[in-house]
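So that you can tell them apart, the chains are marked A, B, C and D in the order they are listed, and the count of residues begins at 1 in each.
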Amino acid sequence: MEFKIGFIGLGIMGKPMAKNLIKAGFKLTVWNRTASKMKELIDMGAEGANSPKEVAEKSNVIITMLTDSPDVEEVILGPSGVIEGVKKGSIVIDMSTISPKVAKKIAKKLAEVGVEMLDAPVTGGEIGAINATLSIMVGGNYETFEKCLPIFQALGKRVTYMGPNGNGQITKLCNQIMCVMNLQGVCEGLILAAKAGLDLNKLLDVLTGGAANSWMLSNLGPKMIKGDMEPGFKIATQQKDLRLVLETAAELNVPLPGTAIVQQMFRVAEAEGLSEKGTQALIKAMEKLAGYKLTKE
Amino acid sequence: MEFKIGFIGLGIMGKPMAKNLIKAGFKLTVWNRTASKMKELIDMGAEGANSPKEVAEKSNVIITMLTDSPDVEEVILGPSGVIEGVKKGSIVIDMSTISPKVAKKIAKKLAEVGVEMLDAPVTGGEIGAINATLSIMVGGNYETFEKCLPIFQALGKRVTYMGPNGNGQITKLCNQIMCVMNLQGVCEGLILAAKAGLDLNKLLDVLTGGAANSWMLSNLGPKMIKGDMEPGFKIATQQKDLRLVLETAAELNVPLPGTAIVQQMFRVAEAEGLSEKGTQALIKAMEKLAGYKLTKE
Amino acid sequence: MEFKIGFIGLGIMGKPMAKNLIKAGFKLTVWNRTASKMKELIDMGAEGANSPKEVAEKSNVIITMLTDSPDVEEVILGPSGVIEGVKKGSIVIDMSTISPKVAKKIAKKLAEVGVEMLDAPVTGGEIGAINATLSIMVGGNYETFEKCLPIFQALGKRVTYMGPNGNGQITKLCNQIMCVMNLQGVCEGLILAAKAGLDLNKLLDVLTGGAANSWMLSNLGPKMIKGDMEPGFKIATQQKDLRLVLETAAELNVPLPGTAIVQQMFRVAEAEGLSEKGTQALIKAMEKLAGYKLTKE
Amino acid sequence: MEFKIGFIGLGIMGKPMAKNLIKAGFKLTVWNRTASKMKELIDMGAEGANSPKEVAEKSNVIITMLTDSPDVEEVILGPSGVIEGVKKGSIVIDMSTISPKVAKKIAKKLAEVGVEMLDAPVTGGEIGAINATLSIMVGGNYETFEKCLPIFQALGKRVTYMGPNGNGQITKLCNQIMCVMNLQGVCEGLILAAKAGLDLNKLLDVLTGGAANSWMLSNLGPKMIKGDMEPGFKIATQQKDLRLVLETAAELNVPLPGTAIVQQMFRVAEAEGLSEKGTQALIKAMEKLAGYKLTKE
């Protein structure tokens, strides 16, 4: 199969991913709601389209990288959407993080017109998108997955097949649960240490070496101590993902008391106006609760 | 200073630690409430004593490795306790995990009779105690800490000075906060994945490679999936530590909503009779809440 | 204004409410998705319609009493919906419990065709619907509210104007927050008392007389003790309302840690298959957590 | 039995209770750590003692009304304590709120010297103490309880026998669980309503009439809205009681997720310096979390 790739959604994640596909030698047709964001890709050789429908007409693999379930639903199934232009035998890969339920619904609608879908959300953030080091968790038909491997390998370093449609998204949601719980743990540990007067850098040194360690502690702990709240991953997006987590857990009747509480703690950060800060700004919520600041300003 | 070490408390942790000191060439006097546990050490060349007081009389560094604050208080300050036999200029090292407040109180009482104390709790579990790879977090006088370094180095691989008395214990408590939050995150992620029908081994493969990773996920995740509940660290002991965490946080007015919830989830496991199982048995609590078992038996 | 009332939604709540309107002398046109449920009302003198549109054509006040936001949206704004048949100057009263945001959206759409809407959710349950003793919390235009008072007074005993559109729904959500928190309090108190061996009937006697008392304790406490789980208000509906609460709180950036936890405890009950039981079955979740049953069966 | 009553502990609660006993015609011997507080009682005809021991020597019923378990333990069992002066056949009534475990321990020690104890904590606050309208929950021997009824009836209006020693205290703790959960419910409902722009007085009017009502809503809701934070019952004392609740629940392996979270929310209030305010100041914690004030100052 010679790939003619359509790429829809050129945001913080989508743009560097599309660039990596061009660099890897793939032919690309792109579309973005805000058309001006297409320019950079067109300058690199991509073709611009006027609608998702047109992208689909000109491609045999259509990738979507959007924010939330309704965006993906509209772009694929809505008016002038992918489904209006897509050819039988084409493949749609949704790499957004959306509801597993919506992923399955879209897959079913596309199957009715002879189109396979993969749900393939990613982790690794903007850095991973730029460096093509994303982790990609894929749900859908296994043969379709295998067929698309060259594309995934141009975007990430760890690509895992997780089973039928929806399983890619479920995997991502489990990932998010652990991320936020680890993060809350870092915040609660740091605020107690700070108010007790410990040297927080020494604390990080000790704790990263043992059973308390986590990616969050190693990577976001130092940012919290420095007061660096620049977003690698935004609180607003995290909250969107937590909403998906809790909705999905509700459908499956899985109680998640820890995650439910952390969602409320992120809400404290949002009430402080920190939605556009990185998730490490969760420490600001804990500072507020404790009436104590980690760093003296 | 030529060390004559007294070692009090020959439990799961204390016994291998005492052995490592003997292997490192130190002269040891030992005491344990259940006297029979002293035999193995005496066979290795240690001298047995009849009371903590006698241990103190025969040593210039006295190490305690016990379960909880009242144990340490009694052995050091109680009748026939260390304080009755200890010589001015000696050093007491408490390596138990106890209340920072009690640690400070004991240090103060010992200081009144011319004895320095270090609070030096450890992480690394039984394995770390056996292999002399414990992490040791030390609070107390810095010169005293430096003097005792040869002893610490016979017991662990990462020894960190954390500041004045109590700071060793506070560090340990922060460690425990992160451990249990990470653990609860692992449990919540796994139970959602399981009930959604994911392959849990594949899930672990994916998630250990990214931002969701933690020591807990890598080390206890596989045990949960296998149903191996053998204790590395017991739920009963974890609950004791969480009690210390929340007591200390109460004294410092630090709200810890996540930790407070996880303590209640461990309580669910205890209500199931799992107090003597490893902390990974927290997954049993989440299984109960979700009405779903991770592993088919 | 002579009222020609249309009534849409003849479920557990809607049917007795429609009957009370007939008894009060109002002329009624009714519609229900399951047409068979209309028979009883038609026998009492109501006219049956074939669609919400037809109801709207034949009425000047259209009442909807449905389950959730999408139902109301479809019946009012969807194909063959109220909006297609409604005459300028008519009034739509939605008495369902739905999202304040959706209530405002519907009100706006109706205003565009010259129709006023009131959001007027109720409390008091099936009993209140039957006995016309509902409490009704109304949002919308004040003059419209006043005009509709005779209708409300045929349905309930306490009718309160809460401000512009959406405020009726917000009031209902605040009501639900307090209800579930009080209920969780009853459950936590009872399970502790039971496991400690107290006589629960005596406990109720004492506690209903003091600062611990609540409507929930007085009304649902005895049912819990008797093991009577028959629904006055179903857990499934309560969970729908809690979802609306937390969505609305998310839009307003209001952290609700208590409510978030209680939602997860109801989830435990749902995982046990208790969705169709009354909210007092929350005690079953707490029994599960504590590994102890309130009543010996 | 002709009562010669000893009364120990003349604080906010104890002093008006002792006065009521004098007014009811009982002969009183009193003691208080801060001796100056005895003056008012002595002026009313009570005899002052120099120690709990002396109180016990001069009385056949000794009442204690103190703050926490250690206080009661010391006054009854400590040096110059009640136990040193008490005569065989006397009765000790502890009306403080303390640990059920400690209550049982004290009862056992007193039984060894032929003295019966009743644990008889109260609710109703300072007002109830002044007006002799307290609710009294009594644990201990039933005959002893009956014997003391005339004393209880001089202090409160609802006196209930709850079973053997400790059961009075357990009853009180269950009372506190429901109180704080109801209170948190009031706070979460009010803060959502406030941020949504509702008229809070109207809201109270509506909600007190239905299923959301509670003693807390009716009594503390208006104070929250007015910003009146004067203590009827102090946050510091509430936190002491919650500590007892969670300790007791730990001993009985009863998970209390809601109560555990509310304890942390009170901690937020304490971190704000509100320990000496009334429990209604919990609203200040929720205001902080939501970044929004209920009342404009």
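In the analysis below, contacts are C-beta pairs under 8 Å (C-beta built on N, C-alpha and C of every residue); 3 or more make two chains touch, one makes a residue touch a chain.
This one's a predicted model, so the numbers in the text were calculated from it and none came from an experiment.
Seen from the C-alpha centroid of chain C, the farthest chain centroid is that of B. Interface comparison, B-C versus C-D: the pair with the greater number of contacting C-beta pairs is C-D.
Separating the CA-averaged centres of chain C and chain D is a span of 38 Å.
Once the centre of each chain is set as its mean CA position, chain B and chain C turn out to be 52 Å apart. Chain B has residues 249, 253-257, 261, 264-265, 267-268, 271, 289-292 in contact with two or more other chains. On chain D, the positions that touch chain B within their shared complex are 239, 243, 249-250, 253-257, 260-261, 263-265, 267-268, 270-271. Looking at the complex, you find that chain C touches chain B at residues 257, 261, 267-268, 271-273, 288-292.
On the chain C side of its complex with chain D, the touching residues are 100, 123-125, 135, 137, 158, 160-163, 166-167, 170-171, 173-182, 184-186, 188-193, 195-199, 202-203, 205-207, 209-217, 219, 245, 248-249, 252-259, 261-262, 264-265, 289-292.
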